[in-house]
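One structure is given here, and the rest of the page talks about it.
As written, the chain order gives the labels A, B, C and D, with residue 1 at the start of each chain.
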């Protein structure tokens, strides 16, 4: 009695995300809090819902508990469906034994049966570490119109940035004739956003062939796409305009949060027609005390603010004590900041406790050399003692975790 | 000791001059920046693991239905039980009394549902009570005290002429009731806890004698003849039967103690999830002593006010001692003092509005000034 | 090409002698062993990916609400959209017309909801139509034909005096309508597809001239002046405005062809899940040419009948050409022919009941004989 | 904002279930169809819901796709909760690498974090291969009243059966002083049903100690329970009365299905106060043809019966052609049986096709020797050709599977 789905989304929730250091020590990357009340995965999931895609597989094998609990039955994203909905897909054992996911392509390969249940014509492959809003349905229309085997979303970058990306060289019609991974001398500026639509029948063929090749890394970028290109499949570029950010490093993660405070950044978080959904707690309204100054900042439910806030993002349930000053920082859920603390250019993860008078981070202008400066990071649940000083670039491990 | 709940969407004793509930159920009154009045009673029941709730509606309950949706946000979208709507004309037999006229009449129309309810005890609640009652404790006391009827009450300031002021003897048995009073008074919270069989017997009696008023017949008539006990609720409580009461209840929320009593961590108050973004404070924002919901955009001055979801306050505007409901827009340089803006109100640039602290100026839904 | 749906819970043109809908919405009529009439229109809309549905109710819609529950069984428990109830008194302004009097009046009360609906096209459906309409195909034809209004119709036997018989020219444009007729007739299915803007303009017109009747004003009055096209539904269709029509529609289900048309694999008919056990056939069961729901316990003889959920037929009982609704109990040796038992009927041991094949004997809900 | 749960259930969905042969070749044991419209796992899940337990972890690593799709968001069991609900818990990787579940105790050990989220006082451990109805809440009350560290549900068996079970020897108060695994000379008849309630704090201690012991099999029966007994923890027997059946072999699985047809078996499947929930398709009512004889059988939605049925269970969507005779058999979902087939003492798995005139199985009385007789089993999706004869005890592999 199952009905077919035109397109199924497979979200690569990825590995450890080690360039986020202490932030991912106990949390899968897509589950990291972002933007005051979201987690990274809320962006691709909400994009799916808003694009009318109601069947999403989330491929994960690393620290899935938080992600699992967070996604739950999918209700916050309207993905609690009778047929379809969101499913977490970890590796599993068969009568022939079991394998961990060897690469992005292998992760999809191992879940061919999941996909085939819905008899889709197309499969959308997404990753879990990008912040953007995108209508995948429009991309699908483009894919169909072009009659492509694969369509890859592409962002126009500057020529100098291009050497940090996977670059797609395409003809005037958008048909790709070459891939270059982080080219020293880029020939074009079409950077791959890691968002693919495949005609399922084609993808299945190449996944199967790739799996049979013991030398393959079983990776989309390294193996599947080049193999398709080499075989002469029609692969096209889908130009995307708008805000897109990879949040795979501490710096880019911090920047992406700061971007939200900039009214000129075209993410449009508040657009009622393209809401970003998230799972919420049941919290009081935010309360602002008697003697505070809050400038160019974002504050969420359940915060109690008695101190000053400049250019910062407070996630829900944060307490900020009297006399404390927070500047250009990201303060995640339920962080408790005591009195007279100074916090600058820092990321403070969920449930951390910053005791009275602690000093965390520094402004770049207060640093002696550019090398001295960097974002200070306090791990989940860590305690910074009263009066303790945490320098710029320093990282404090989460409670129960290892220092670096 | 399983209980079920019956919630009246309206108080049946509100002030006719209450503009805020002219086109919505009293239960649907927006309060405390992000809630509707019914959230408190509904969450109280859910927190006491009561998952069989009947909601008796009267008129203009559309907003209330929109708020409740499919009940998911309270985890009340259950296969059996959950929340059940009893709306006018939904189950009425031609011979049944009118649900509109009084609580007792409304109850008499739903006797078949009470009979089929699975719980042994019934909690009658009222959707416009602003209090986080611990219904588990009320039930426990009801059973242990051997009472026929338990009435939760609280020590409240100026309960107002439509409230029932209650007195008890040393053993906690009800000895006197009167309507209203000024100063601090032990005031009934319009909730009743009793055994299902007791309620059914009482309703049969009410039917026989054609009684209509719940308080008058259940409490005044039976006082001294049955064992009516009080349950003292120690936390915050307010009833919003009039506009000044409503205004005061909201302003009370600026007090952290009242707020902590109303929102204890172990009995969270659940409400409809609206997926609003966090609130933005712009360069000229000056916010002090206020409560704000998510989704606002503030570039003006806000003092001692409650700001609901998706309110915009432009540069240079001053908002003092106000309640601004969802989607209020305050233009540049406008000045508001002691004002309640119902939903979707727009105040133009430079407009000055001031109400009395006791009886604030109310702009009804959708007004543009 | 997004559409939204409006379903009328009642036909507004049913027979007063229709005992089966005296205390339930026509949409809530139990049909085909495990369905309620509304399941067909609701599933039709869901199968066409219409997830924004307004349900306009009238009286006695409690059973209907129980059936729909939180909408989960149709996957209509959505965050935005899903199924929205528009019940009497829920949104009415004092000045609004009465939802009870006619379809057009009911529509006029919900103009604000139509304005805010997200779809461009509107499908007006009726909850007591027994047909599996392919609304995607209807919509597609509507758009491609350039019609202002599209009316689905089917070639039906004896449509009855309350049905609209329609004629079209070669291009499929409506040329004539009449009420009723015997023999096989092209009969309108009381569904209408049009652009939202067309409906709003028509309702404004209806308001200006104070029109009440939908068919008379939208079809009869506008025929020839606007482009009204027909969509021919090839599958099974029935309308249950009278008891004989209801009986015949059920008996039609014994025909595998009609059943396959009504329940095609790619457009499943969804209904409320009741978690009943499979049906048990005991040692003396003799069942032929019948349809049975789950949850029954049969130890008697059943011929050419429809047996709904949780029916018990004891040893030696004979049930022939009957419709036995949920929880019917047929005692030992009872003999029934041409009988409709509404829900919860008990027929004692040895009782003999026989109705006419044309106008069956109806035992109303809960009867014990 | 999470609230505590008094008791969390952990359901060991188990390994391959190899004694069910072709039935489990492509399906995890708990996902096997049972009783006309259920699957085995519906029984413990429905027991949880009916006992008021709304948080269930399902531990699985073998062929989870079908189970995953079946359980979905938990809605059929009313376990689609905002907080709690049913969660599938497969093995996962951490920063230190990942492990498959080594044993039943290790499976729980690896999910300590899942359990701790709910801060439960008690943990209920269940297995996924038993058919019974039980109020776990009453068992919890018993556990609390006894002040036990562990309470084990026990079934009274006959002395001769006892040597096939784990036997618990207890004093007059029900306090266990000895475990015996399949004793040759049983001292008592309290057989363990594999249903445990533990005080979580105690269980956590013993799980952690057990994990640290490299010699342990990490198994509840072999390691955890004896260790607790040896350490002098109070462990009590909870006497259960009612129907209970382990369906771990082809014979016991067939018998348990046949038991449903016996009105004397006290399972009470139809009890409206203790419904067994299941995920359903959207199917027509069952239709019975003109010339059939159906005796002492169970039939589900969507069946079209034109043949004769004796002492059999038809799952939903089965077609039975004219002239065919089915006796003492279990016919699972959507099986198509042609005309003039003879099916006796057989189990036919989902989606199998039995063509006209096929003969499957034999009655014991038609067999020459008792050794010849046994249940014939047709695997999922297998095709039995027109006129083909499948003897008693024979097994036909599922479509795409291996023969034995």
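Assume a residue touches a chain if its C-beta (ideal position, glycine included) is under 8 Å from a C-beta of that chain, and two chains touch if they have at least 3 such contacts.
Please read all numbers here as calculations on a predicted model, not as lab measurements.
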{"item": "Which of A-B and A-C has more C-beta pairs touching across its chains", "value": "A-B"}
{"item": "Of all other chains, the one whose Cα centre sits farthest from chain A", "value": "C"}
{"item": "Chain centre separation in whole Å, for chain D relative to chain A (CA means)", "value": "40"}
{"item": "Whole-Å separation of chain centres (CA-atom averages), chain B against chain D", "value": "48"}
{"item": "In chain D, residues with contacts to at least two other chains", "value": "1, 75, 80-82, 277, 281-282"}
{"item": "Interface hub residues of chain B, defined as touching at least two other chains", "value": "72, 77, 268"}
{"item": "Contact set on chain A toward chain B in their complex", "value": "35-37, 75-76, 261, 269-270, 275-278, 280-282, 284-301, 304, 309, 313-314"}
{"item": "Chain B partner contacts - residues on chain C that touch it in the complex", "value": "23, 57-62, 65, 70-72, 77, 82, 85-93"}
{"item": "Contact set on chain D toward chain A in their complex", "value": "1, 16, 25-26, 60-65, 68-69, 72-75, 80-82, 85, 87-95, 98, 100, 113-114, 117, 281-283"}
{"item": "Chain C residues within the chain D interface of the complex", "value": "32-34, 43, 72, 253-254, 256, 259, 263, 268-271, 273, 275, 277-283, 285-295, 297, 306"}
{"item": "Partner chain C, residues of chain A touching it in the complex", "value": "1, 3, 78, 80-83, 277"}
